[in-house]
Amino acid sequence: MKYKVLNYKDTRSGFGEGLFELGQENEKVVALCADLIGSLKMNAFAETFPDRFFQVGIAEANMIGMAAGLTIGGKIPFTGTFANFSTSRVYDQIRQAVAYSGKNVKICASHAGITLGEDGATHQVLEDIAMMKALPGMTVINPCDFNQTKQATKAIADYEGPVYLRFGRPKVATFIPYDMPFEIGKAIVLKEGTDVTLIATGHLVWEALNAADMLEEKGINAEVVNIHTIKPLDEEAVLKSVKKTGCVVTAEEHNVLGGLGESISGLLARTVPVPMEMVAVNDAFGQSGKPDELMELYGLKDKNIVEAAQKVIVRK
Amino acid sequence: MKYKVLNYKDTRSGFGEGLFELGQENEKVVALCADLIGSLKMNAFAETFPDRFFQVGIAEANMIGMAAGLTIGGKIPFTGTFANFSTSRVYDQIRQAVAYSGKNVKICASHAGITLGEDGATHQVLEDIAMMKALPGMTVINPCDFNQTKQATKAIADYEGPVYLRFGRPKVATFIPYDMPFEIGKAIVLKEGTDVTLIATGHLVWEALNAADMLEEKGINAEVVNIHTIKPLDEEAVLKSVKKTGCVVTAEEHNVLGGLGESISGLLARTVPVPMEMVAVNDAFGQSGKPDELMELYGLKDKNIVEAAQKVIVRK
Amino acid sequence: MADQLAKKCTFASITKQKKSKIMATIDELKEIASQVRRDIIRMVHGAASGHPGGSLSAADYLVALYFESMQHTPEPFDMDGINQDIFILSNGHISPAYYSVLARSGYFPVSELATFRQLHTRLQGHPATMEKLPGIRIASGSLGQGLSVAIGVSRAKKINGDNKLVYCLMGDGELDEGQPWEAMAYCGGNKVNNIIAAVDYNHKQIDGDTDDVMPLLDLKAKIEAFGWDVLECNGNDMEAVVSTLQIAKEHTGKEKPVMILLHTQMGMGVDFMMGTHKWHGAAPSDEQAEKALAQLKETLGDY
Amino acid sequence: MADQLAKKCTFASITKQKKSKIMATIDELKEIASQVRRDIIRMVHGAASGHPGGSLSAADYLVALYFESMQHTPEPFDMDGINQDIFILSNGHISPAYYSVLARSGYFPVSELATFRQLHTRLQGHPATMEKLPGIRIASGSLGQGLSVAIGVSRAKKINGDNKLVYCLMGDGELDEGQPWEAMAYCGGNKVNNIIAAVDYNHKQIDGDTDDVMPLLDLKAKIEAFGWDVLECNGNDMEAVVSTLQIAKEHTGKEKPVMILLHTQMGMGVDFMMGTHKWHGAAPSDEQAEKALAQLKETLGDY
């Protein structure tokens, strides 16, 4: 199957649409926002379900605590703010009141990564996956386009337990068919191949698909695995692919330290150690710029995946 | 060289002693504490240098901001609180005001890991290494005994830049000679060997040395590398050892996800993929108990390292 | 005897009470509080760790809540607590007091208090939900988070049309944290009217007097400026506590959230633990435990 | 012209001034503020992103600080700022106002304002130190942290025997965060007396009026209860700002920290940006920028 651009949409709008539908379908779903309703695309939910929506002001710690409390009484709270303020600002609150307490809270985080753009490094969190995956019991999901984000938003409402859902700001290609099955914790093999496994998450999945096309032209047959659920990691899918290809490139909009790449390297080191390359931000803060300029500058484009693939194949 | 138990002391006392000496030697050194002076062993400094000591109450975020501000004016601030409240409570503050701002702040964290004991999981942070290593520009140090903690405390005052210094609560074996050279970022090969590399940090270093002895009896010649500086990682030392032994066991008092083990696995996957096993907490929260009971329960003892070594050697 | 008295007290609050009835109950409550204090000493001594100081200062309030003011069903324990009053402990380190009151009011066997802080216990050093100890609805221990959780519970009750109340206790040192002020701003700004919060105002924290560590200044004025009604009472006088809780209830359902400043003494009930911060988080030796227990009447039978 | 006026104003404050001198200066300050407002519009328009609303409401205060009240040396820029007044911006999103004032007072070339938010710029979306833009001493953007940093600077000054002052500006919505209250408690409790803090009290934040998003209630009463002297003035009236800053200075060195509530209007100076929160973080179109600039006199020459 060949993936086509269906349209260009922001993943956060997939979240907004999914949340709004959840509001209609599931009375238990409530939402909280820390003075960023528009940015999080929560307007439709907030306006249609005012009794189930909580504006908490610029007080993210209080928001997480409130969300934990709302589960006591049977609600399914979705919190919304930028990724940095969803994680790094409130890690201890998530840790104690959500993860350790086993509460059914969905932490929904927009503007993750450098594609947030002009606001710069204080807002461009590249460490949130590292933080959230280190929390026992936390499910960590980073969907790749509008459709998958909407699917994920709806899926996590049905899953009982803490979830971190990460998405982004800019309009990007939508290419996942809206009816493609989405299952938490199940990797999706988007393209089969034999020479190298490209494992990508979030905005990098589209780059990986393009990279696979570019590699094809060079006579390299790449397998593209979409890991939308970083934790729990679909180890079986990863190992199955790696056993076939014998080498891996991971791709993510995150610091190379602590992210998906290291999760995969840890898994492989314990099972089948094979050569790996990681396409990720190389332990640096972001900066202001347009999303695409930054993807280019920090080496997160399809061509970087191609280079990494060529390099890793040689190391087999 | 054979390491002997010199005495049993808590690593936090090494910090307290080092800080007190720094107070005498370096006028620029100031210290801040968030209502835990006794636990952090900061009494001597606080009493002797009241003008350079700041009690901030139970307000860790304010403490980090104050520390960042104190560098503007040439001070070298050392902050002290429990490891959980030194990291997970204040990650965004460290991120923006210390790491991204490039401030010369030393974040000193006691009661790290499960050996904190009876207080239980809300205090036993097992994710702090993951968090701190994901921060660009942060130096992350986890010394192994009283002497090394004291050495590290003094060394970081001379180093210009943000540092996270992690130490523990219980009395443990002191075995590093007080005059052994300590250099930030330089691994120490405590014992040479050819069959397997044991890479350990913090309280696990002593366990690794004991494990090496136990392996010796089984005819396995283990190399023991003490990584006190987790970031920047001494890649050269690791690779040199691994090229010799061909397999690795890492050992740390931290979640297996995001810690030293994953850092090593990432490095090896990009260079020389070899079989690895990780001795660490297996993605679980801690609980109340005595330090030793917990080390046993969570599989962080010498015998666990021995098992892991035997397992990894077979996989070579 | 423990169970009978516990039962009686638990349900006493459900029926409307006459003045004489209240007076009788106050004596019973004092008796329970004495036993709770014994439990605290024995638990902390048994574990050789834990926090007696704040546990002793807050004991009377917790007893008044669980045995008099709150409408709650210890068994079967239901996490959601629909149509029950719900209590959220923010200053989790006073777990000994909390556990004792929960056990004595029937949430779990009193004998289990002996497992406090032991490996595999349900009575973790700080309250936790993972081990499923009945009565605990949220973990605490890292300070400053409880009032936020209480607000969430209160909002769920509003949505559910459940007109029971949410109680929350915080330490005074805990108010150094910013998060309680975020939560107070939320309640004041949004006229949350089904929460009764309280502060164990014992003027002590780990490193010393709050006035030395981080002065709270005019705490009442602060909280009032955040939009709350503030009540004050001697938090170690059972009659004052019970009647202040009654007044607080009358403040609910109106325009403002209500906060009770419980003027207490750290270490209350054990002479050598009072007037100092040293017993915030220190366990008594065998001898000290004995000396302490000699001052506390055994009223319901030790565990 | 820009440089001359900038220089004149920068050093005007160092010499003791007579009343008439001040009056003259106020007109100059207003002229500078008009140019700063032009810069803000042009920067945000040029970058097609950024935060004009709060930048415009706070412009007068920043001009008063940098061109009148503060004693500072733009060049050579010294991170430690020994024997200089130091300003810490907490609400980093008003970087356009901050950058303009820094450039206009000689910290870096005015022409560099054109690089705002462009790739590789020293003028990051939010103030940053990494690119070494002179004038910036700490990164901000994540709200709530600046006052804590200011306290640290003030403590360093105390240790160094440096009796210059530390200034800090915060947003009003920013006060929803808990951390500013931790910092305020520190200052009030420890009688920090070399800080002048201020709030851009424009009653607006991203999602709307502060009264709708998170009511601040009686903000003055809150801050006073935290141990501060609180002054108030029209933060968009240059004369009021300058004289209030003068009064604030007289409050320093005494018992209490001092806070100025600057009653301002978001979007001040551009009619269609006032009376709404919509321009908190939105860039004007070409046409809107033109309309805005037509309302703001060019006094020092556009960059």
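In order of appearance the chains are A, B, C and D, and numbering begins at 1 in each one.
Basically, contacts are C-beta pairs under 8 Å (C-beta built on N, C-alpha and C of every residue); 3 or more make two chains touch, one makes a residue touch a chain.
In this text, all values refer to a predicted model and were calculated from it rather than measured experimentally.
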Where chain B and chain D overlap in contact partners, by chain label: A, C
Intersection of the contact lists for chain A and chain D: B, C
Between A-C and B-C, the pair joined by more C-beta contacts: A-C
Most remote chain, CA-based centroid, reference being chain C: D
Inter-centroid spacing, chain D versus chain C (mean Cα positions, whole Å): 45
Approximate Å spacing (C-alpha centroids) for the pair chain B, chain C: 37
Inter-chain centre distance, chain A versus chain C - centres from mean C-alpha coordinates, in Å: 41
For chain A paired with chain B, centre-to-centre distance based on mean C-alpha positions, whole Å: 30
Multi-chain contact sites of chain C, meaning residues that touch two or more partners: 128, 130, 139-142, 144, 176-179, 182, 185-186, 189, 214
Contacts with two or more other chains, residues of chain A listed in rising order: 56-57, 59, 61-62, 84-85, 89, 92, 95-96, 100, 121-122, 285
Touch-based graph of the chains, sorted into line, ring, star, complete or other: complete
Chain D to chain B touching residues, read off their complex: 79-82, 86, 88, 128-130, 137-142, 144-157, 159-160, 162, 178-179, 182-183, 185-186, 189
Residues of chain B defined as touching chain D within the complex: 30, 51-52, 54, 56-57, 59, 61-75, 77, 92-93, 95-97, 100-103
Chain B to chain C touching residues, read off their complex: 33, 35-39, 55-59, 61-62, 84-85, 89, 117-123, 285, 287-290, 293-294, 297
Chain B residues within the chain A interface of the complex: 84-85, 87-89, 91-92, 95-96, 99-100, 121-122, 126-127, 130-131, 133-137, 231, 248, 255-258, 261-266, 268-270, 273-278, 283-285
For the chain C and chain D complex, residues of the former touching the latter: 144, 176-182, 185-186, 188-190, 214-218, 221-222, 224-227
